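The two complexes that follow have chain A in common; it is paired with chain B in the first and with chain C in the second.
This part shows the complex of A and B:
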């Protein structure tokens, strides 16, 4: 194990930038998960499988000549429908939050097998013109795919936050999560809203999937590599919140990146999860 | 779990053998010799295991065309271990006790091989294995490696590499060692650190990451910051691609770079992998293809791998080791004229076997023999061997960025 090293200013700044970029992806992946968990009481592990399925669909369409970002026009509605249909099935079987964890874990395995049967277990890399663009600002390298991810993560987080805070739909969703019977007494159509939200969560996963395809090499088994850290971002931020996963994701991403800049990269998960435990212990109410 | 007894192929092989007999070759007769093994036909290791499946099928076909072993045709009883070492152990038990196979062949990869080795030891069966990367863990006296990385690869492989670099256009003075903590990688990288110190080189950076690391950005940043002449990457699978992606994002091209066990096809197809170095025991080029049977094998493998839609239909380390494993087992059976595991094991320990890798011996630690690892480099979108000079072709030499 290597010891502590004092990094140069450039190395530190570039590491912080890397941390912000990867943290934005944690936040984008965590956004739908947090909403689903907090507002629908559904711990949807299949969220990660949907993200990777969307990434592979983006890869497939892009290799057929479509612009990777334009694939969102197909992928987002498709995953909205998948998410709504899954939630409809969950509701009809009255799946409890704990059982939803088991059911969606099983679904994740099925989606992984599906991906593997279509695209094989081999690694796939989306080669696009976006990957060729790299901006240099004040000595820092800012790759376009990462900037797109950051922009989408921030834009969608703020958009969801605004909807939850300022629209009737958002208020209805929050009211249903707070006290479903009272919300129903006020005439809120919980079923319709739940389906709408579940579809939105899956659609958000699909956007994260397109970002994954833009910036990362894909392999079916990598579905599981993201679960721990994204769960940490969701827990750290608090459930059902729109901006919190992004903020928590960036915090984790930067802490990991700076750790990797000053000491052994293998310490990075230890630091991020220690941070999670410390913050949860100091602010236990945030995890409920 | 799937079982794939090669009945149809055996029949086909027997038919071909019949035709061969008419042309003067001998014909396999009687009960088939049943060879049992598992492969990761599904699960995360399935992509590479497909290579071993194709090679095994080719070898069985070729042997049956030649008249089988001891005049009997071969039948391969192949089961799917689903990339799970615990399942591999159960299936090897089943192969010995239920299927009652005559001989065993090793699975893929290291974890499953260790499981199979335990079963083989319990039943005193010979186990020839393909690509087991840690000789010191191969404790069973009747387990024989087909991957000729030598008894002390942590010392010999880095020395071969640094010999190649020393003879290259820009002998390095400073080295960055960055490595996965994956077991078969970590000890090799530790060996590289010792070797470079003994050779008077300066280590300017040493980093380790856990297997499955997602973010290579900060690692690329630190390599760039350290400004090494040469980067040793203890890479397995996709690590090399991910690190090169991260280097590209910060506009960094390492002057010279080495990847220990990369996924070969994805790496060679990456433009950033230009002049990347790695190790090999077999490549599709002379003098490797001059070995008896090698050229035919390469041709057949290319046809089958293309038909199976493998991303890279070329024969390199995995396919080369897999073919070698069958050659080792065949040598033992034919030399002893028996299927007796003890006799085969004793003979293999005392003799050398001609393979497409070269002549192998099995009298070192873990039955490993000589280190036959060569250095290859990505040049013009292909792997070419650049060291030792005797194994290069067409004047290929080591290049630097």
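This part shows the complex of A and C:
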């Protein structure tokens, strides 16, 4: 066991900064997951597979010369369609939340196999011009890809929050989640709304995927590495909420990063999962 | 003293729905398991290449893991994603004992089982105490336990981050070759695991676990000690997973946290069990054989990636098209024959034949049976019951009246233990009931019905009633309980529906099933919560006659009802609640004429004269936990 070492102030500040960055990605991945779980009653494990598929597509297009951020123009509509199609299939089988977990796990396996057969199990790293830009502010090292991730995560979370809170569509979605038959009796077209939302969730996953490609090394098996911590962020924030996953994600990211700085990197998972256990034990009602 | 009552034709015909016990010879299944295991023990003597031993080992290994997982998760519906943690605890216990302290391999296995079992009991003792941790929340929580445990192990000297090598550990010579030794060990463990899983599924424990799966609250109120049963199931499940882990440690020869504490183990066992069928003891084994062979054939042919995709496809197809699993589907194909003879009783025993109680009907107006003093219940500051004093005398039918939201159902829920009271006491036969678990209250001799019937959906009508007889009534095993249950089905006129599933009943029959369930534990006090609500007038007449027969056979009845015709006809006394307080008490005809009672029902009269003629509310469904 590595002993505690009190890091310097700069190192600590740098840890907090990198915690915020990785936490933003937790939040962005968690956003779509939280929405589909809370509002559609669909626990979509394939969310992570979609994010990685998008990351690999981004990697592929970027290596063919396209600007990584421009690939969003292709990737986002594509994944919107995939998400909507998946949900249409789910709806026709009237699947329970728990079974949706199993079905989407099966789907995750299929996507993982697809990725592995196209891009192999080797690690891939997107080399782009973004990766070369680093900013140094007050002694802190701020890489551009991470800043982009933070900006996208914050912007999208606020946009989703505003839509849910202020638009008729958002109110209809929340009403349907609360009591579907009653909402239908009030003339809400649930099928259309649900497809729209499911598509949006997948599109959000694909944006997170592009951020993944910008900042991280990709491998098919890495799909599973994100599941636990992102679920922790979603549960900590509460289901069906827009800003909460981002806040919870940043909180977890920072506490992980500080733990790594103070002890050893291998202790990091303890923070998020202990937090998850504590939340589930103390407020189990919130998740159902 | 309980004598199996012999209204005719209760000659037991266990239903086909419950596995194992359905056939005439209840010992055929375990004998078959043991015989198969003995036959398979001769496989190493055939001298097959080591490759086959290893494949067979893996199949048996997964049979143990999937079947042990199923004992808690399949039977109760608490899907654990923490099986990797318990399996991993077994692996690291064995590995550490062998590598660090040079223990002989076989001696490490009981310790591995014990460590995994203790870990499971600790986790369960915490998790099962919190209401609301079910379904996906339980799955996530147990998954998180896996990763926490893995993180701790990788960061402590147990693993140290490099894994544990068992290159120096000796493999005992049980078979002709090392690989056959692993095979024989796994075979023995698998046989034991299957015997345990079968034994539980046909026992009282199994009946309780299956009831928890369908409706945990109702099971507890019927007398199932749900907390203890879940803990027992988890402990057994973990111990078996620990043994599998201990064996697997030496099989792997080199163990790392990264490969042990993953999401793969729990997901694979879930997949196997769901594919095979989680409500049958043999379901997970069927799934384990299928999936292991499938994966192995793909890995062997260098199509590992395609195999992974195929497993995904199979999982999706299984959930969507065979949500009950392969085994139940096959059973349904095979068991097309008229599964059970019609109970001969149906014709012989008139529905009205009240089972003779050992005790003679108690005299009406006798001593106080139940005495509630200052009983109170609040929900987060909302006062549902504000401290009521109610006495129920042995042998009477007490009507419990009041407008919607007056606290009648809350009273029943508190007395039956469904809710914990926030204040006051309940004395029942000089025993304090306030604050004790619902299953103990059921065992003490109180049963209840639910306003909206809550039958166990996957169990036959007969088994629904047998459960109450077994747990509330304290009968030792399902066979005896089914005989007892049959008499109560006849009593309620449901004997022809004994082998139907509750879904096949109409509302009237479901209400009568609730009554039969409430009576099968032979309670001294029955709490009936709006049994008449939603019935047609002629059905109400039947039900009124039935309630009267319930009292006549010796039970005291508390009767919450809005149908005044029935209240007037049945009750010896009524108490009226209003806004959680006791408003009036006395004979029904007199109490209903009191001005304060009429005010409570009909509001403040402007000109009171018009209200006196019919102060009776019609039958209205009462919403929520009024």
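Some observations on this one:
Methods note: the second predicted complex is superposed on the first by the 279 of 288 C-alpha atoms of A that agree within 3 Å, B and C clash if a C-alpha of one lies under 4 Å from a C-alpha of the other, contacts with A are read in each partner's own complex, and residues count from 1 in each chain.
Just so it is clear, contacts are C-beta pairs under 8 Å (C-beta built on N, C-alpha and C of every residue); 3 or more make two chains touch, one makes a residue touch a chain.
Owing to the predicted nature of the structure, the values given are computational and were not obtained by experimental measurement.
Annotation: superposed three-chain arrangement on chain A; chain B versus chain C shows a clash. With both structures placed on the common chain, the touch criterion links A:52 to neither chain B nor chain C. Judged by the touch definition given at the top, the superposed model places A:269 against both chain B and chain C.
By the touch criterion stated above, A:103 is placed in contact with chain C alone, chain B being left untouched. In the superposed pair of complexes, A:122 makes contact with chain B only, with no contact to chain C. By the document's definition of touching, neither partner reaches A:130: not chain B, not chain C.
When the two complexes are overlaid on their common chain A, residue A:80 makes contact with neither chain B nor chain C.
Once the two complexes are overlaid on the shared chain, A:235 sits against chain C while remaining clear of chain B. Judged by the touch definition given at the top, the superposed model places A:280 against chain C, while chain B stays out of reach.
Common to the chain B-facing and chain C-facing surfaces of chain A are residues 1, 113, 116, 264, 266, 269. For chain A in complex with chain C, the residues that touch the partner chain are 1, 43, 93, 95, 97-99, 101-103, 105-110, 112-114, 116-117, 224, 227-228, 231-232, 235, 264, 266-267, 269-270, 273-274, 276-277, 280-281, 284-285, 287-288. The part of chain A that touches chain B in the complex is made up of residues 1-2, 7-8, 10-11, 14-15, 18-19, 21-22, 113, 116, 120-123, 125, 134, 136, 141, 143, 146, 216-217, 219-222, 225-226, 229, 253, 256-258, 260-261, 264-266, 268-269. Considering their complex, residues 42-47, 181, 206-210, 212-215, 217-219, 221-222, 224-225, 237-238, 241-242, 245, 248-251, 263, 265-266, 270, 311 of chain B touch chain A.
For chain C in complex with chain A, the residues that touch the partner chain are 79, 126-127, 130-137, 139-141, 143-145, 147-148, 150-152, 154-157, 161, 262-263, 267, 270-271, 274, 305-306, 308-309, 311-316, 319-320, 323.
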